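Have a look at the structure that comes next, please.
Chain IDs A, B and C follow the sequence of writing; residue 1 opens each chain.
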Amino acid sequence: MSYTLEIQTKARELLTSKQVECVIGYEVGLRGRTRPAFVYDAQDVERLVWNQACTHNLTTYLNDKLNPQGPVKNKTKEHTPGRVAVVVKPCDSRAINVLLAENHFPRELLHVIGVVCDGILEKVGQSGNLRSVRQLPISDLSQVQSRCQRCEGHMPVTYDTLIGECPSHQELSLGKANQADLIHIQAMTPAERAEYWFSQFDRCIRCYACRQVCPMCNCPTCLYERDDSLWVGIRIGLNEKRTFHLGRAFHLAGRCIGCDECERVCPMNIPVSLLNRMLAKEVEALFGHRAGLAPIPPPFVTVLSGS
Amino acid sequence: MILLEERSNGKNPMLPYLGRLVKVKDLASDIKLFSVEMLDGGREAFKKYYPGQFVFLSAFGVGEAPFGIASIPQRGTSLDFAVNRLGSVTTELHQLGEGDLVGVRGPLGNWFPMDEFKGKNLVVLGGGIGGAPLRPVLHTVLDNREDYGHLTILWAARHPSLLVFTDEYDEWRSAPDTRLHLTVDQPDAEWDHNVGLITDLLEKVSPSPENAISITCGPPVMIYYVNQVLCKLGFKPEQDYVTLEARMHCGIGKCGRCNLGEKLVCVNGPVFSMAEVGEMAEGFL
Amino acid sequence: MKLTTREGLASWLDSLAHEVNLIAPRDIEGVLLYRPVKSSMEIVLEFINPVLSVKEAFFPATERLLTIEKTGQQITLNETLPEGKQVVFGVRPCDARGLKVLDANFTNTEPFDPYYTQRRSNTTVVGLACHQMSPTCFCTSVGIAPNDPGDMDVMLYRVEDGYIVQTVTKKGQALLSALPLETKELSQNGSDLHNSYIYDQAERVPVPEMSTWLAHFRDIYWEQVAERCLSCRICAYVCPTCRCFSVRDEVLSSENGRNQYERIRCWDSCAGEAYRRIAGGHNPRPEKGQRLRNRFLCKFVYYPRQYALGYAACTGCGRCIDACPVNIDITEVMQHIEEVSQ
């Protein structure tokens, strides 16, 4: 059975038996673009698909659904949370562990439909590049995203239903590859790195899409947007943008699971995920911790609290 | 292209006039009454303004925020504003003392059609700091008492310490054909007036809608429920006036923030009749 | 009709860049944006549309309104109006229409905004007709066209031998008089050109009547579409007509008891959760569906009515469709509203 059919079948079963109120998955819109879908009715499960354009990390919607009294970001309705099913790729599934470790919602409210994923294509659901002058050569369109090329194991780390089969051998050799962009930056001198990043941040328009798409960025009011204390001014200027991006990277250290959605959504093609990956490496080197492999808090919590 | 000098008398609507704080008084818990004397060009700009209008006060270095004007020009040249300490601008304003300068942009917005209210009975309902934009209405009526019919004032707050203009109640009570009703949600030891919500008080007082106009100002929730009671008492939407609040950044209809559907609170309001509010697709609540 | 060669155009743009602030499409690390250029070499001439619209040149993302100096109890204010002549080159009809939409608010409704008005006054708009509509373009559905010169000062049309140059307004004429562009006369008639300038017609999108939008104000549809909305600000920031802004004072410097501040305004968007929250906590639009609905209704009902526009405030540029991370599509919404009204 194709993944699409498997997901549809499972969704139908979960909704009909009222095990869940809602299935968060993917659908294809009128222009042929894949996008998040919220299915509440068993009759609508045929909307759900799986394809190589399923780039979105759907766990970013879980807080709304399962913790309405909590973070107000992306708040929809006030309601007592019913159970929700969510379709996740291996990277997305790691986000669930981080959210669980941070006590956003109880695991029992979630039915995880984990997909053994072959990789998501480059430039799908992409903003900026569609209007840029650069036209991609055809061969690039069949290439998977660089985060997929770094993926270890292709298996969700947590699931209630598995779509696809556990890969027969772990392709661990691919995992550490394709960090070329990170290596390139690390070879720069601090002055060169500063120049690089400031030229990237210069294009930033503080649209906050990177923050909004991230499941781990869920503070009720972002530090960088506080109206009362104004830690950072409202100016869309280099100082403010630098503060936001670097600060956000630190706030995600040990928590970012590397889905790279932040970079995908940026309308200005800023390589946001490079910062997060850099800090993830640091955290791993210092504390031996990798985000999302298990529902344990990040080292900043465990180490600082003395546990 | 018309040159800049030909427009708006060359005056930049985002450039504030300067005014000096001549008096700062504690009005209620965390609420201060500021009296401001305008300087230079501001004196001319504020020679005439009407009940219901507002200004943007600048706490220089932090920003600006909208405040209803709580005075009338007929009673003196200084402008009064009630400032509740809630956010960064109001906190900064509360640090200021007599002699300090503030920025003032205005007068902005529309106003209560006091001339249309002449000869009518007025029911004025003020909740908490919502009483501030109603004070000019009361002063206008009291200073021209024969021009208006019965005056019924319902004044409310969550707690006695939050009631505003307590030093004027005697003036209001002693005016001819005028009744003042007070109520609080939570009384203190000295309280010996009504206890309960303004909606309960309104039902108790039960003013007649005959030849009457109601004017309400307060938190959105209060305006909403007061309006329901007024409906029950037979008031028609055309008889009910409110002054609405919305988050604003320019006050002059440019930044688009304060819209309620196609209306902008800063230029089509802040005074609306409930008939107008009823036509708005978007609710203010 | 006048024709200039590619070399003629390049040389004109070079001299223009010396005389005024010339803003044109530039490739900034793979992202096409309208940015100041120093020579024609930096300009990209073959493109659909830059990621951000030309509104940046008139209504910048951050603009200083005035400076404030505080010394003791003394306050000095200085308004900081924009100065200097600008030419924006390579403007598409959708963006030029966007400027007209912004004009209705900033320069045609009192009190006039002196900052935008000054920039508009000091800037000449040189357009470039499109050769093709991208799949997300729908300008023809909202009353303009890829070769529409109506909102430009000067309009260029790329043809095989170079560019046809059309002077549209007195301001355009003034620019070409001050800085002549080398051209030769063509026997071709102006209207012939307009009609013969072929572009691939994209499918038309219905534009519902204002009353139709309002009739569906309470539909659950808004909530359903908004469920995937991230409440970011991309759609408003790429849009040629969105104009919401915040105003704040920010510190510039502080020495010897002299404190300097600037009052600035910056782009903002009604999609943000905190957009309408007042001190004290009340928020009339706490739900994403309410905010999404506000943005679409503003384009098609509120803005046109508030500023007596006469047409929709959406110019069909399609940027929001491309840029939205979760594929919320304005044309899909327009089609839905039209369909449910049948």
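We adopt the following convention: contacts are C-beta pairs under 8 Å (C-beta built on N, C-alpha and C of every residue); 3 or more make two chains touch, one makes a residue touch a chain.
Worth saying up front: this structure is predicted, and the values here are computed from it rather than measured.
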Chain located farthest away, centre of chain C as origin (C-alpha): B
Most centrally placed chain, judged by C-alpha centres: C
Interchain centroid distance [CA atoms averaged], chain A/chain B, Å: 47
Centre-of-Cα separation between chain C and chain B, whole angstrom: 37
Distance between the centres, which are taken as Cα means, of chain C and chain A, whole angstrom: 31
Junction residues of chain C, two or more chains touched: 246, 248, 279
Residues within chain B bordering two or more other chains: 87
Residue numbers of chain A (touch at least two other chains): 227-228, 230
In the complex with chain A, residue positions of chain C that touch it: 27-33, 44, 46-52, 61-62, 134-136, 223-224, 226-234, 237-238, 246, 248, 250, 264, 266-267, 272-274, 279, 286-289, 319, 321-327, 329, 332, 335
Of chain A, residues touching chain C in the complex: 29-31, 33-38, 56, 60-61, 72-77, 125, 127-134, 199-200, 203, 205-209, 211-213, 221, 225, 227-228, 230, 233-237, 261, 264-265, 267-269
Residues of chain A that touch chain B when the two form their complex: 227-230
Residues on chain C engaged by chain B in the complex (per definition of touch): 65-66, 68, 70, 73-75, 77, 79, 81, 105-106, 109-115, 117-118, 120-121, 171, 214, 217, 243-249, 251, 259, 261, 263, 265, 268, 270, 275-280, 282, 284, 294, 297-298, 301-303, 305-306
Interfacial residue positions of chain B with respect to chain C in the complex: 1, 3-4, 7-8, 11-16, 18, 58, 60-65, 84, 86-87, 90, 99-101, 103, 219-221, 245-247, 249-250, 252-257, 259-264, 281-285
